[in-house]
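Paired with chain B in one complex and with chain C in the other, chain A is shared by the two complexes that follow.
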Partner chain A sequence: METAKIGEAPLAGRKRTSSQTRDHLRAVLFLLPAWVLLLVFFFGPILLTFYFAFTNMSLTGEASQQLEFVGMANFSAIFSDPNFMTSIVNTLVFLVFSALIGQQALGLILALLMNNRSRTFRRMIGALVLTGWVTPEIVVAFIFFAFFSDSGTLNTLLGTVGMEPVKWLYEYPMTSVVIANIWHGTAFSMLVYQAALGGVPKEVEEAAMIDGASAWQRLWRITLPMIKGSVVTNMVLISLQTLGLFTLIFALTGGGPGVQTETLPVFMYHQAFVSFQLGYGTAISLILLLIGMIVSMVYIRLLKVKI
Partner chain B sequence: MSIWKKSLAVVLSGVLAFSLSACSSQDAAGGDASSGKVIKVAYRKFGSGNKGLENWLKSSAAEFEKAHPGVKVKLVPIQASEADFFAKMALTMKSPATAPEVVTEDTFMISSDAAAGYLEPLDRYVSGWDEWNQFFEPVQRGMKAEDGKIYGVPYSTDTRGLYYNTNIFKKAGLPVPWQPKTWEDVLAAARAIKQKVPGVTPFWANVGKATGEATTMQTFEMLLYGTKDRLYENGKWVVKSPGFLDSLKFIDQIFKSGLGPELSQVLTGQAGDIVANQMMPQEKVGIVLNGNWVPAAWKETGPAPWKEGTKVYQFAPMPTQHGEAPGHTSMSGGWALSIGAKSKEKDLGMEFIKIATNKEHQKQYSLTQGDLTPRKDVAEDPEYMNAPGTVFKQATSFLEFTHYRPGNSQYPSVSTQIQAAVEAVAIGTLTPEKAMDQFAQNVKRMVGADKTVEK
Partner chain C sequence: MNKIRFKTQMTGKALPYLVLSLIGVAFVVPLLWMVFASLDANANLALKLPEQITLNNFKEIVTSPDNQRAFLNGILLSLGQSVLVVIVAGLAAYPLSRYQLRYKSPFMYLILFATCLPITAVMVPVYQLFVYLNLQDSFIGTMVFLTSASLPYAIWMMKNFMDSVPLELEEAAWVDGCSIWKAFRVIVAPLMLPGIFTVGIFTFAGSWGNFFVPFILIQSPEKLPASVSIYQFFGSYGLVEYGKLAAFSFLYTMPAVLLYMLGQRYMSEGFNFHGAAKG
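== the complex of A and B ==
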């Protein structure tokens, strides 16, 4: 391809344009299947979601036959639903502790510790951390259920040092799901930061060291600003992922006890598929989408990065 | 080189698109119709609890296939907790590609699923069916949706009451046989057990959202219908009432005073299995508020064989709140076989239903699954009435004062709000008053404030 273009370059203008249109046509032709698939399976559902959010759609009963447009009724109901506010707070707590503090900080620390270490060390630690990442969410849920349950690993360990068993999933449900999610997701942040740190030129750090900068100053003034782009990308990615997390929480606590771990996706599932209110559930999903967008914009603004 | 890459991309995307369309067309074919016709029978499968149901459907299918050569019956088990089952079933019935000919319907879903157009009216089938009048009249009435049409043939009914452990009661100095007259009697017995028999859960009832309708019916409605108030009256949902509040307060008292089970045991979807297969056979629980089917778990073929089960745990009627007439209360529901409105072989589906609900198969079902029979001729059968290891006799006597759930298409949605209120009170995150407020608010949103009333 490249060689052919170079060869064509000195030819007359008219010929070039016709070959360009042909290239364009070809590109469109090749993109067409992808576009069709995107339209049918991606944009279609999104448009439908917008529509259903303003209807009384239901999974059973009269409303499932006669779809009615109800305007803003779903949204005004959502904002007066006390469980909605609870689930917003739960979602934010979960986001801050498991994604921002947990995965982000832990991932960065791991990457920093592994930076400039021997290859064997990096490989061993990397493999260990990656175990969490490659384990499917539902399996992670089972592992942590076995870990936290009444006669589970954690309580057995506590028992050997003479401590009373604790009902982790009932007394500390949010802490439990946060820990499970940190275990599952940290590897991703670690990989992103490892790649980013690898791109920081050694000379800059060495120069700072010669100028007498402490390790902390070097991290804060040199390293972090240089990987700012990766920090933001990582924050956006793991935030969106955490906002939409469903399987882990649903399988581990089912949103319970009560509504103590009911984050927005679990709340949406309960409304749409347990209480059969599809329209209401869809409206909640739109709000979730909106929150994801806002959170991403805030990060980008705060750190003044262009993506 | 580049041409190769391009053609590879084209081929790959073509394969992808083709495989996607292939998936959907395969679904539309509806199973392996290699020769002749296939009817699908969908039912809920869970834990260890319903082997009796599965065996009954299998033997009915065998008889059906013998009577209709060339027609195959495909059993479609739906693995789900009670709370998730109805959504899965609704999604299956929504599309002609997946709609099963025959489905097991919990009777509280009939109005709602009929209104949704998922179920086929059976009037034209049962009008000419000489066995239809073998079914008890109140159970028959439960098959009708709000449009007055019949949407199912019942295969089970039930009542609910209090199981109490006679050994534990004796240790606690409580009378056997036990005949509680008021809610206070029940609480007093539970307190006595807590005080005198350590290591035993005094009182057990479903209180989780995961146990779905069981929480609403076995626990909340067993309390509410023992007060002066009801859930649905004159076409309106009673979203606030003294009886509603007192029912939640009863649950609050049980858990606040440490009379209830561990939350980790009772809030899971397996709560029913845990109490019937473990806690009761190990005699670790004093009083259990539950349905008549529990002893089926202790049959020789059941998950927790226990010969003395129904001697150790006896079945007493649930008292009304302050002993108001008629003194006792119970709730009845049951299950029915219905026909999917969007299925193809409806006539064959009905033939299957007729075989599955005939006297012989009905008796087999009741005896193995432990449900009460909806058929008069089975109920009179001595083999049924005196079946060892069941509580059929007492349970049938509860039919005198039993109640049925509102046959309203909004009931399933309202029921999930009751479950949320009960769980919140049981774990102590909401006071009974607050939980009732939230219930009222949510139900008003779901059904419209004009269809609710506060007392």
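== the complex of A and C ==
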């Protein structure tokens, strides 16, 4: 096709080719800094993950001097490590209860209830929920440390209705971090659902109302199916955010007591930087990264963006 | 009969307000502890109104040279990162928005893919890379890594913002003899200001709150940003001096809150990125 055109009008063809080459060169120059940074500090470490995960890399001892390829040794160690299975289960429990159920349901409820309410009221509640999102994770951990501690706010409140204090962070550590993460992350789902509900035409709901559909029927049969796309997108996005979450759990419970709240990122940190087993830690990274990659690919397929 | 209907209608109207208010209270209670305890001379871990209001907690946090340095480090790290991100992503967005490039589509998919990846996962190899490059405990190295980590999201946003800047103005400038580079600086950049601010503000806020990256990459106490030094404060004094911990937390949280409020002006545009999948 291109050659045929050049054959017809050699001059114009050559001109275009040379200007295209110049464009191409310019594009390379403009993109160069980004490429260098991404290759060295973003894609480089990802490739290194694939390599280091199969080595005996360590921060101390003999292995720190000589990097050896150990094949699948790290992975066979991981899969026979009971703490790994615990951290997988913890990650799933944390993901399902704090994000997929907690943040999603609360975000949807907030968005649904705020729809058609007075502007001032809506803004006030919205601002409170958003504050949880804006608060840095480390501070969220402190706030909930105070909230759940033995002499903290929750036990004081329960005391006023005559209930015995509970050692929340020891007896219900997972519940505690789940609640803290719901507090921190719900605003995201709320914003997504507010935007989605804003796109549902009022006429459809009104028509259903005239036909005698109850509020529940309208929600299940009309509103939710119409925002199905946003529900799925939101699920994927908050899953990705929750999978990588480290600071909140690390500062609130440190993964403990024992390994009761040790999710994959916290487990990875402990293995790599506390036990100094970098190779083993990287193998955990790789598993985390692969899960993230799969979820990301699902997301991009769902997004169907035209680029 | 009429009375009952009236009653159910009233509860139907009041119920959403009631539920929303309860949720609002649940969200504000944990936060109030931080505010009240920071002003309380005898703060403990439970939410209570301060009997004796004092600004001493704030005074002690603010006057400590260690904390001043931590805040300054945090500002330098986040500001440096934001400036670098805006420049590098702005440059990269230009050809992606303006030229017909064969590799544009795969590149943008790669960028979108990278946006999603949990950065936590690569911190172990990044640490090893920093040891190898002799960059561990380097402030600038940490800044450059943070910059690279936020590039995918920033390039994506910048490209979308740039797509909405009309090409005609640039073409007119070219006709008048402007070079591509000059037109980029004089025409495109000023029109991109809302996008530049959005990306800059969100990068700063994200960086300000980032604990894990500086925690892993920086060891010297004098180089630590506020996000890590507040954690160390919690470790050494947090279990005794609740008032100061609350005051420190409050001071550390404020910049993030203010920046998000500022950034919210542009948030609707930025949010299109997530809303693009609607329907």
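Things worth noting here:
To be clear about the criterion, the second predicted complex is superposed on the first by the 262 of 307 C-alpha atoms of A that agree within 3 Å, B and C clash if a C-alpha of one lies under 4 Å from a C-alpha of the other, contacts with A are read in each partner's own complex, and residues count from 1 in each chain.
The criterion applied here is as follows: contacts are C-beta pairs under 8 Å (C-beta built on N, C-alpha and C of every residue); 3 or more make two chains touch, one makes a residue touch a chain.
Because the structure is a prediction, the values reported are computed rather than measured.
When both complexes are overlaid on chain A, the residue A:Ser275 reaches chain B alone and has no touch with chain C. In the superposition on chain A, contact is made by A:Asn155 with chain C only, not with chain B. Legend: residue contacts after superposition of the two complexes on their common chain; A:Lys167 is shown touching chain B, with no touch to chain C. In the overlay built on the shared chain, the residue A:Ala77 is in contact with chain B alone; chain C does not reach it. Contact comparison for chain A: of chain B and chain C, C touches the greater number of residues. By the touch criterion defined above, A:Gly256 reaches chain B but does not reach chain C. When the two complexes are overlaid on their common chain A, residue A:Pro45 makes contact with chain C while staying clear of chain B. Contacts of A:Ala196 after superposition: chain C is touched, whereas chain B is not reached. Contacts of A:Ala213 after superposition on the shared chain: neither chain B nor chain C is touched.
In the superposition on chain A, A:Leu113 makes contact with chain C only, while chain B stays out of contact range. Comparing the two complexes, residues 30, 33-34, 37, 149, 273 of chain A contact chain B in one case and chain C in the other. Those residues of chain A that touch chain C in the complex are listed here as 23-24, 26-27, 30-31, 33-35, 37-38, 40-46, 48-49, 52, 57, 106, 109-110, 113-114, 117, 121, 124-125, 128-132, 134-139, 142-147, 149, 151-153, 155-156, 183, 191-192, 195-196, 199, 226-227, 229-230, 233, 237, 240, 243-247, 251, 265, 268, 272-273, 278, 281-282, 284-286, 288-289, 292-293, 295-297, 299-300, 302-305, 307. Across the interface of their complex, chain A is touched by residues 1-2, 6, 9-10, 13-14, 16-17, 20, 83-84, 86-87, 90-91, 94, 109, 112-113, 115-118, 208-210, 212, 262-264, 267, 409-410, 412-413, 416-417, 420, 423-424, 427, 429-430, 438, 441-442, 445-446 of chain B. Those residues of chain A that touch chain B in the shared complex are 1, 30, 33-34, 36-37, 58-62, 64-65, 77, 80-83, 149-150, 167, 169-170, 254, 256-260, 270, 273-277. For chain C in complex with chain A, the touching residues are 16-17, 19-21, 23-24, 27-31, 33-34, 37, 44-48, 87-89, 91-92, 94-96, 99-101, 104-105, 108-109, 112-114, 116-129, 144-145, 147-149, 151-152, 155, 180, 205, 208-209, 211-212, 216, 227, 230-231, 234, 238, 242, 245-246, 249, 252-253, 256-257, 260, 271, 274-279.
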